[in-house]
């Protein structure tokens, strides 16, 4: 388990969130996730659809949709466990200490309300300033992110701007109350490449200049490569591999990470040849196999993989991998042709 | 002999009225407001000659007076005309009561009577239906006038009890007349708010001011609504209720049930100008015998109807039970049916009985019962229901394709026999049954020309009615009995056979 | 689209539908699991059964009068008899029989008018929705006019021109209902017209006719089904209302409205004449609405219970 | 904004024109003769006289032309039966029906909004089942039956309210409550389903994630359901007018519905025509108001329209 | 190039912008403006452009689902404009479109069996059991088990739906398939499987593709020739992958820089490039060169004159004033 020295801003220990379906079955969306986040760090959580990355983000703020419930684990934010907090206390944290950015900008804002009012009500919920001061602070935050005419933005409606522009406004909204952690749940999936780079560079500046730590959730390896400092690869609701970005990309240990990296199309590829693909399809979340959850699709599968669930082994100071037979792989010769 | 008794009777009644009048003068000033719920709504035009709507005729006596009045026993009584005599078969001379003021203060003179009567009798105005023809008025002096009819009319006196005397200015100015009536009646017109007529006491009424300060006639379409309003005290009198509601009225201590047989009779009319009834009185009589009229009155109409055994109703001049009126006898009906050429119904085309829904109470129910009675003796007949507007349009047609028989009521609100016999059975207008038999016309003309009341009564009872019944153009089903719910605190309220409201003597006990 | 939360769709259903085959299975399974639909359809089925097989359920003739047994109270009250379970009406006819035969009339009326309105409305909706342009303007104006015309005046005039037989009434009610269907179908058309599967069908060479009938019509059926169950309820009540005001079907034919209109005046003495038809309407509509309401969940995935 | 109003008014005028033409055609087919309604037992020559005074003797097209000329001047002729200006008749009867329908609408909203929101918030719980039961029952019970029960119970037995007629607000309470019942059913169900839709949208989850208090979120949800609710009301309006007739009949409440029925039964042609014009104009104006409120309330539509 | 399979000449598709009372036309949105290119037999041409550039409209106009305002679409030497309805239907057998929104490109209420049988039913090919056999064959072609025939689209995952869409497109043995962003919304592993499937099918049936994507890395895997579309116009055309080696137009350069790649971001540790400005809309296009508001090398002329597409060399065309300085 990662060391728990006080410096960690957020410490998640053995988080389990299960969905209790009305036909009796239990869907283990998140089955024992642990990670930690320091100030100014960006943790990239990458995984395919159905791997439980979104549910993790919702669990941190303890607003999982029904019938999902957090069944086990601790979420320590500055030493306080978010799961045991009362709804009132939790509401103080949400939005002011930890804020969330959604995936689809077109539906992230209330269509009938002015953008300024939506900022206003957020700040009002978390501070006791009087109205004029709140308005000034809102305009100031908007200006700080490089928007030219904050007054115009304040008075206009979400439908007046393009999706890319709205997503940047959402970032301003997220940092309105100076949060320590910003969780971005696939912020750029619906946007084009050039707009994506604007969003990512803005998030990156937040981290470097303001020191807010970021949790970036995505299925796109490129985004992870550009933004994150630490990476956690998720599959079937469990953490496959966890470590600093550079080490993980250069020497991936877990067969699933290796498979993913190799199947990413390279912009530098010279000739047209078939891509490496991971055989099979994503796992059944209802009744996960007993052994390693990736066993059925793994090239390096061994005896133990089928019977015993691999523990999260600590390879060195910051590297963890849950595989019985970690693989020695060097992406350098694979990528640089 | 009968004649002598009526004059003495009327004399006693006169004394009684005078005493009442005197006593009312002594009585305290008029107070309290009487609200009456009526079943049909009022027409917005107050010129009495412009309509023949029953509800208006019932309400007009509260703000109009007439030359002569029909009292509770159905006899004529002087009103605005103190006395009258018959100079020759065509002219009648009337003495007009003096010092009678109109609501606008002008004095009543024979000129007013002349203009009112001539205006009412002109063919242009609907009210001419009540009069035997054009009437000319000749002024003798300010308070005597001679009315000349174009042909001898025994029915003139009774008809005059339905023609209100209006101010001559109003008569020459119909627009003004339509806005507000100007009569000499016990109450004055205040305003009319669509469904409610507001009247107030006429302080200088010639018989002394009425006991009530204000009167309100409010139109309420639904009988159960009327009943509940009288129970909660929002209105004091509710008219035209149903027999089923009697237990509710009787169970409520502060509401009294008033039963009052009125001049309205429900008829079953045969279309005498359309086959198979054309020239076939035996077939019509066969139908008459097949209908269980007693059952209808007893089981369906319950308290709301009275057996009727003549073409007229009790209270109307010349009424007497008709000897040859058929009663419920299935064998006789079958026998007559065979005689008429249709042994137990073979050969009869499919017939239709027309009934208007929503006009007369329970018309639908006894319509169904009659259809079943006729079907029992093999007559192929069906019920055909229409709404009142459509019935009104086609009930007089001589050869209607939609129906062969119809159930329609007749309520002339007057007690003159010719308003029944002549209006219904004379060939020329030939209204509902379109009967056209010279023999009936002769007896009708005969009784019209007899000016002597006793002789006229004798001819009506022994000749006119029996002949008409033989030809059976229409079968009187029953006489309507109007059920009214009157609150305890209403005193002195009289129910007249002609259903008009005489509110002069009414007062509210506190 | 959020890639992550479509766990429910493929993982959940892929598992257990391998043994069920074809479309029917889905309906069948849904009907059993959803309590609302089950009870709703049960009640409606019982009502329809009684109404259709009326001669079996009661031996009396609804039109047979028996004056002497007028207004006898229901069985359990004193004076009531086992012959007339629910008592008799003002003309001595058995109330239960008249309610059942009345039900037959009202339900049939509801069904036929809804069907007519459905057909006319869908046709209108399909044409205006798919082709748009000039034709759409005219047809939409006709819908406006239809909605603009005060219904009550139209009813009274028509019911006095034509004798209120069954077909006249159902024509009248479908006149009232069809604009609603036209509008719904048109809105579905507008949204479906540019859907991806229509583009694919067009590129395969499918004709407009085929796209409308085979492709888009299938998506209309569920919401049409939902609307028609609701409308049957409205028609039954409106017909009862007309009967109540004396405009509906002519006597002696029993309809729920007529029976109640008769009973209105005896409300204090013979309360059962007006109460039991009201209860009959309540039970039937309760069944229909329960069925329609829960059907909505099946039709509208958003309302469907997620897990 | 102005363009929408002008466009709608033009269409509205066109609709009124067609509707009045339709009424004229229908009245021609209409059996029954107005003159006979005034003087049923009068002789034939008096009837001809009356028809002439009503202007019915002139040929059809002249009557139509005359009607439209007068209508432009705002004069809808004189009612045959009431012998009064149709205009004054309508102005005195119409407000009463407005009070009735507005009262019913208000009552329906006051009852159905809390219930709808409650059942949407705790879906498929016990409360949800009760609310659905109430909504289905209120739709299944015929409103005239309810009206009678109200009179019997509240007015006659308890004497709380007058049993009918028109006067102060007490007269209004029972009839509008009876009329509101059918509205309650549709409102509850639509508010519930719309509320469920809105609460599942991203911006609601986002505001929760921003720590906005629950009350504000419900307020947001309601504002988003209000716009579609408006359309629902106009759809119900046509039905309400029809439904109002029975309520007016039972409560003896003299409104437009009762007047319309009597006008037709009594073949009062100018009054019928006046009513048709009035009701269709009201309907068109209300539709316009609802659409305007759309553009006012929903910025997305306003952006497209202008 | 031998006789090209598809030739597009000055294709234009304009949409009138209507406003106000009688929907008066107050402007024209030039969504597709003067497009010319051609595709040879068995050739794969990649088309790159951001959302709002008009990619889908262009594809639909080529497939004649929308009437072009101007210009010609020539398929197999035949100008589609002057074909009769029947001929057009025959041509549709050879040219297929796979629509963009793959989540609902399959009819929600049809089983996969019905969806696969539709193309045969429309053109009336084969008897009942031939259709059944063909359906099973198509499923094997796209590597799906045959028991999927009874399923409904909502019971399939994103990848599986896309496979069925491809199978449907192959039903009539087309020569050209227009693919509108077939892989853009899929997971990495699924995306790789679908791309490989496209490549296998291309080899097996000698198909030619017009492959549209938002990600240059994906296009690199499947096609040599790249067309860069910006606001309805081609701003750069590079054959045989020349775009990646030597991008000329500033937009293509920014696009390449902004595209994330493991090599660049991990090894060389480059910072994320700063780009600014928003995607323009055809409703009010910027004057002169459409890219000038966002271009860091924009000069005075760029704001006034719209650059034409000039030939740099055999394999490279570009529309930018600053190129030949």
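Residue numbering begins at 1 within each chain, and the chains themselves are lettered A, B, C, D and E in the order written.
Here, contacts are C-beta pairs under 8 Å (C-beta built on N, C-alpha and C of every residue); 3 or more make two chains touch, one makes a residue touch a chain.
In this text, all values refer to a predicted model and were calculated from it rather than measured experimentally.
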item	value
Most distant chain from chain A, judged by the mean position of its C-alpha atoms	B
Interface with more contacting C-beta pairs, comparing B-D to A-D	B-D
Far-end chain from chain E, centres as C-alpha averages	B
Distance from the mean Cα position of chain E to that of chain B, given in whole angstrom	91
Geometric centre distance via CA averages, chain D-chain A, whole Å	54
Whole-Å gap between the CA centroids of chain C and chain D	23
Set of chain C residues in contact with two or more other chains	3, 6, 14, 160, 264, 267-268, 305
Set of chain D residues in contact with two or more other chains	31-32, 148, 249, 264-265
Sequence positions of chain B contacting 2 or more other chains	224, 358, 387, 389-390
Complex interface listing, chain E residues touching chain C	60, 63, 65, 88-89, 92-93, 95-111, 118-119, 122-123, 147, 150-152, 154-158, 165, 168, 172, 185, 187
Of all residues in chain B, those that touch chain D in their complex	41, 43-45, 50-53, 123-126, 128-129, 178, 193-195, 218, 220-222, 224-226, 228-229, 231-232, 234, 358, 387-390, 392-394, 412, 423, 429, 431
Chain D-facing residues of chain A, complex	61, 63, 65, 91-96, 99-100, 102, 104, 107-113, 118, 121-122, 125-126, 157, 159-160, 173
Of all residues in chain A, those that touch chain E in their complex	48-49, 162, 164-165, 189, 191-198, 200-201, 204, 219-223, 225-227, 245-246, 249-250, 259-261, 263-270, 272, 274-278, 281-282, 331-332, 335-336
In the complex with chain C, residue positions of chain B that touch it	223-224, 242, 244-245, 247-248, 295, 299-300, 357-358, 364-365, 367-369, 372, 383-387, 389-390
